[in-house]
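Across the two complexes that follow, chain A remains constant while its partner is chain B and subsequently chain C.
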Partner chain A sequence: MTGFATRARGFLAKYWGVIGVLLLWQGWVWAKDLNAIVMPQPLDVVRDLVTNPGIYLSNAALTLTLAALGLVMGMALGTAIAVLAWTSRLLSGILIPLGLIFSSVPVVALIPILARLLGYDVKTVLAIVVIISFFPAFVFTSAGLRALPPGSEDLFRVFGSSPWQRFIRLVLPSAVPSWMIALRLSAPPAVLSAMVAEFLMGTSGLGYMFRQSAADFQTDRAFGTSVVATAISVLCFTLATLAEKRVNARWS
Partner chain B sequence: MSPETAINVDHVGMVFTLDDGTELTAVRDVDIKIGKGEFVALLGPSGCGKSTILRLVAALEEASFGRVTIEGQDPAELSRAHRLGVAFQDHALLPWLTVKDNVALPYKVAGKKVDTTRVKELLELVGLGKFAGARPSQLSGGMRQRVSIARALVLRPDVLLLDEPFGALDAVTRRHMNVELQRIWAEDEVTTLLVTHSVEEALFLADRVLVMTGRPGTVAMEMKIPFARPRDPSIQRTPEFHAMADKLTLALEPEA
Partner chain C sequence: MRLSRPQIQDLALGVLGILLFLLGWELIGFYKLAGLTWPRFSTVMEYLFDPSRRGLFGRAMGASFSMILGGYLLGFLIGLGAAMLSYTLKPMQPGIDRLASTINAIPPIALAPLFIVLLSREVTGMAIATINVFFVIYVAATSGLEKSRQNHRDLFKVLGASKSTRMLRLDLPAALPSIVSGMKYATPAAFIGAILGEWFGASRGLGLLMVSAMQNFQIPLLWSAVFIASAASLIAFGLMSLLERFVHGRFS
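Up next, the complex of A and B:
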């Protein structure tokens, strides 16, 4: 009983902000007697989430798959190009400034162009996630490949290492912590941009679901979608942060 | 000692160009010949160019004047053939590898099969058998140095270069490590150049001690060490040992 009490207190101490907002929201809807289309009650949102878990889950799974696929492809591409740039001073002189310039182009601005090129479907959504995840991987891996531990270059020369051995045993492992930063930075935007792209032109997924339910005045479902989306973003961020911490503990 | 010269530092001078363009002469006219299987210790005050000499022998630096050869060849040939073992002043362990993987690294770099018994033996020898699975960040400075010594020895190199390998150790552990190093060294009598600040360590381990002084540094004195091998730690309490230690200490601080 006391164990439950302390745990409840710990929960309150941590999440009192969220609980407060929910209570205010519910109270405000009651007090003003707002129409459910304008502003649903938190209870309605929860009811929809609990009674129709299937539709939320299937769409969330679609969005997550798309985000994960795009993230993997984008990071693989960014890493590969960073390695390519690392092999030659000429290439890095061209690619790194280009990467920095393009990474500051807002992706939303690219959506119409890409959509016209690739069509208004899932391909474009994927392309956008790939682009979003590409730049951090490229920029951070580029930096990481050059951040070798002190004395390690001398060490590999003294032991007569071939360039290839030096690359796989020294250069690549040195880049891992920077690569993890890129992963942490890319994971939440990958989910977010997948949803934005779905919202704008998708035919499935959480972003599309949000747009449909809003258009159908199913405000409780639209809010439920937002809740699920937020939960997914927070989850991705937390997982990536945990992974980064574990790697840093090993690499320090 | 032995007639065959393994390492030949032939009237070498080294000039560094600093960032502001000024030139700094680190060592001047250093002439050292080390016989095959000989153990030479290099003593000298901080900044006199001991590490510079070691780096020249390891082919990590090009001499500005004179020439370094090992067995008549460019020293880079030796490292290319994976026949050189070096323990650096600042250990240079890879943080993401465990202690035993760090020691096994030279095998992998050389494309050879890892001899796990050899790795284990060496870790036992440097007193780190229990730390095989630890990471460098979990070790003390002295322990890291010992790992780097094990790593330098693992391939049974033909030339061993040690830059203040026991600098971070307390006197007791240091004496113990000296005894162990002598034993490992005696196994294959590998040609060794040891940089150290400790007169006693130099006397205990080496066949010959060189004293470097000055800025730019140069070899000021040379002393043959006559004690028969294997040497027992008790020789450090003999009058001859003390007499030689006094002479070396005096050579290190000529102004005193």
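Up next, the complex of A and C:
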């Protein structure tokens, strides 16, 4: 029983802000007696979520698949190009500043351009996520490939290792922590950009579902979509953070 | 400031990279390698700097930049205020942390309809920019405020400084480098927020230009609007990097 009490107190200490906002919302709708079309109550949103889980799940699964696939492909591409750039002073000198420029530009603004270039299609959503996850992966892996522990390079040289061995055993492993940072930073934007692309192009998935329900004045469903989207984005961020912690614990 | 030889090389390669990028853009457009929706760089520039469109772009930039600036300032103040609050009232910190990260996890396309209902269509971009900036500044400032040293805090206490004196003369200066780094990363976040917000039905601004140009196949207009937003964000980011370098040199 005391265990439960301390746990409840810990929960309250963490979540009083979130709970407070939800209560304010519910109270505000009651007090002003708002129409459900203008502003649904939290209770209505929960009801729609519980009674129609299928439509939420299928759309969420689609968006999540696109985001995860795009994230993995973008990270792989970014890492490959970073390794390629690492092999040549000329390539890295040319590519790294470009990578830095693109990663400090609002890349989301490129979505309309890509939508027009590639057509309104599910593949375009995937391509957008790939491009958006590419830049952090490239920039952080490039930085990681250069951040070798001091003296380690000399050690490898003294023991007469080949450049290839040096790359596989020293350079790649020392890039792993920066690679994990890139993963954590790219995970939420991957979900977000997939949804924005779906919203703008009206193909399918959560972004499309949101647009459709807002257009049909099903505000409770629109807010339900928001809740699901938030849950997915929190989930991705948490998973990426956990992976980063675990890898760092093992690596250092 | 004298540059060393490798620095000059880096600079030259960086400039070369940008020139190659622009040349590639021009050639892909010239030979229509990516189809009709990829205009030449020179076409976009001609379109952009045509005197007859000065009014169109001027109005859009005025609308968007005022939203971005407003959102940036507001988000900065709220973020810094929240960080100072959670630093002075420690028991509240976990709750504020959790609320901030939950708000940040809600995808902007889910927040937009809320702001349209609560505020108005016109300021939705500003509100999303505010939220984006708020989170970056809050995270940077909370970690920065912890950086004042314990022995300095003890000294302030022994000499009988009030809490507000200590905040103003010790904690805030110690936090300044982190806060300025946060301010740098908040600039693209503000641009993304404002543009996303404008995609949800603002009646003017660069975001509106992008979406209507995308839907109406006005390719040079679409690329021009994205170019303006990216260039402006990059310039702001560059200025913030200079400020960051100055502050880091002076305060840490």
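Assume the second predicted complex is superposed on the first by the 249 of 252 C-alpha atoms of A that agree within 3 Å, B and C clash if a C-alpha of one lies under 4 Å from a C-alpha of the other, contacts with A are read in each partner's own complex, and residues count from 1 in each chain.
Going forward, a residue touches a chain if its C-beta (ideal position, glycine included) is under 8 Å from a C-beta of that chain, and two chains touch if they have at least 3 such contacts.
Because the structure is a prediction, the values reported are computed rather than measured.
**Q** Check chain A with both chain B and chain C modelled on it and let me know: fit or clash.
**A** On the shared chain A, the partners fit.
**Q** Once the shared chain is lined up, is A:T225 touching chain B (first), chain C (second), both, or neither of them?
**A** Second partner only, chain C.
**Q** So in the superposed three-chain picture, is A:L98 touching just chain B, just chain C, both, or none of them (first/second/both/neither)?
**A** Only chain C is touched by A:L98; chain B is not.
**Q** Counting residues of chain A in contact, which comes out ahead: chain B or chain C?
**A** If we count touched residues of chain A for both partners, the winner is C.
**Q** Which partner does A:V176 reach: the first (chain B), the second (chain C), both, or neither?
**A** After superposing on A, A:V176 lies in contact with chain B but is clear of chain C.
**Q** Classify the contacts of A:L155 with the two partner chains as first (chain B alone), second (chain C alone), both, or neither.
**A** A:L155 contacts chain B only, not chain C.
**Q** Report, in whole Å, the shortest distance between any C-alpha atom of chain B and any C-alpha atom of chain C after the two complexes are superposed.
**A** 11
**Q** Taking the touch rule as given, give the residues of chain A at its contact with chain C in the complex, in rising order.
**A** 13-18, 21, 38-39, 90, 93-98, 101, 104-106, 108-110, 112-113, 115-117, 188, 191-192, 195-196, 199-200, 207, 210, 214, 219, 222-223, 225-226, 229-230, 233-234, 237
**Q** Going by the contact rule at the top, pick out the chain B residues touching chain A in the complex.
**A** Of all residues in chain B, those touching chain A are 55, 58-60, 79-82, 84, 86, 88, 90-92, 94-96, 105-106, 108-111, 135, 137.
**Q** Under the touch definition given earlier, write down the residues of chain C that touch chain A in their complex.
**A** Interface residues on chain C, with respect to chain A: 9-10, 12-14, 16-18, 20-21, 34-35, 37-38, 91, 94-99, 102, 105-111, 113, 117, 188, 191-192, 195-196, 199, 210-211, 213-214, 217, 219, 222-223, 226, 229-230, 233-234, 237.
**Q** Help me check something: in the complex, which residues belonging to chain A touch chain B?
**A** Interface residues on the chain A side: 149-152, 154-162, 165-166, 169-170, 173, 176, 250-252.
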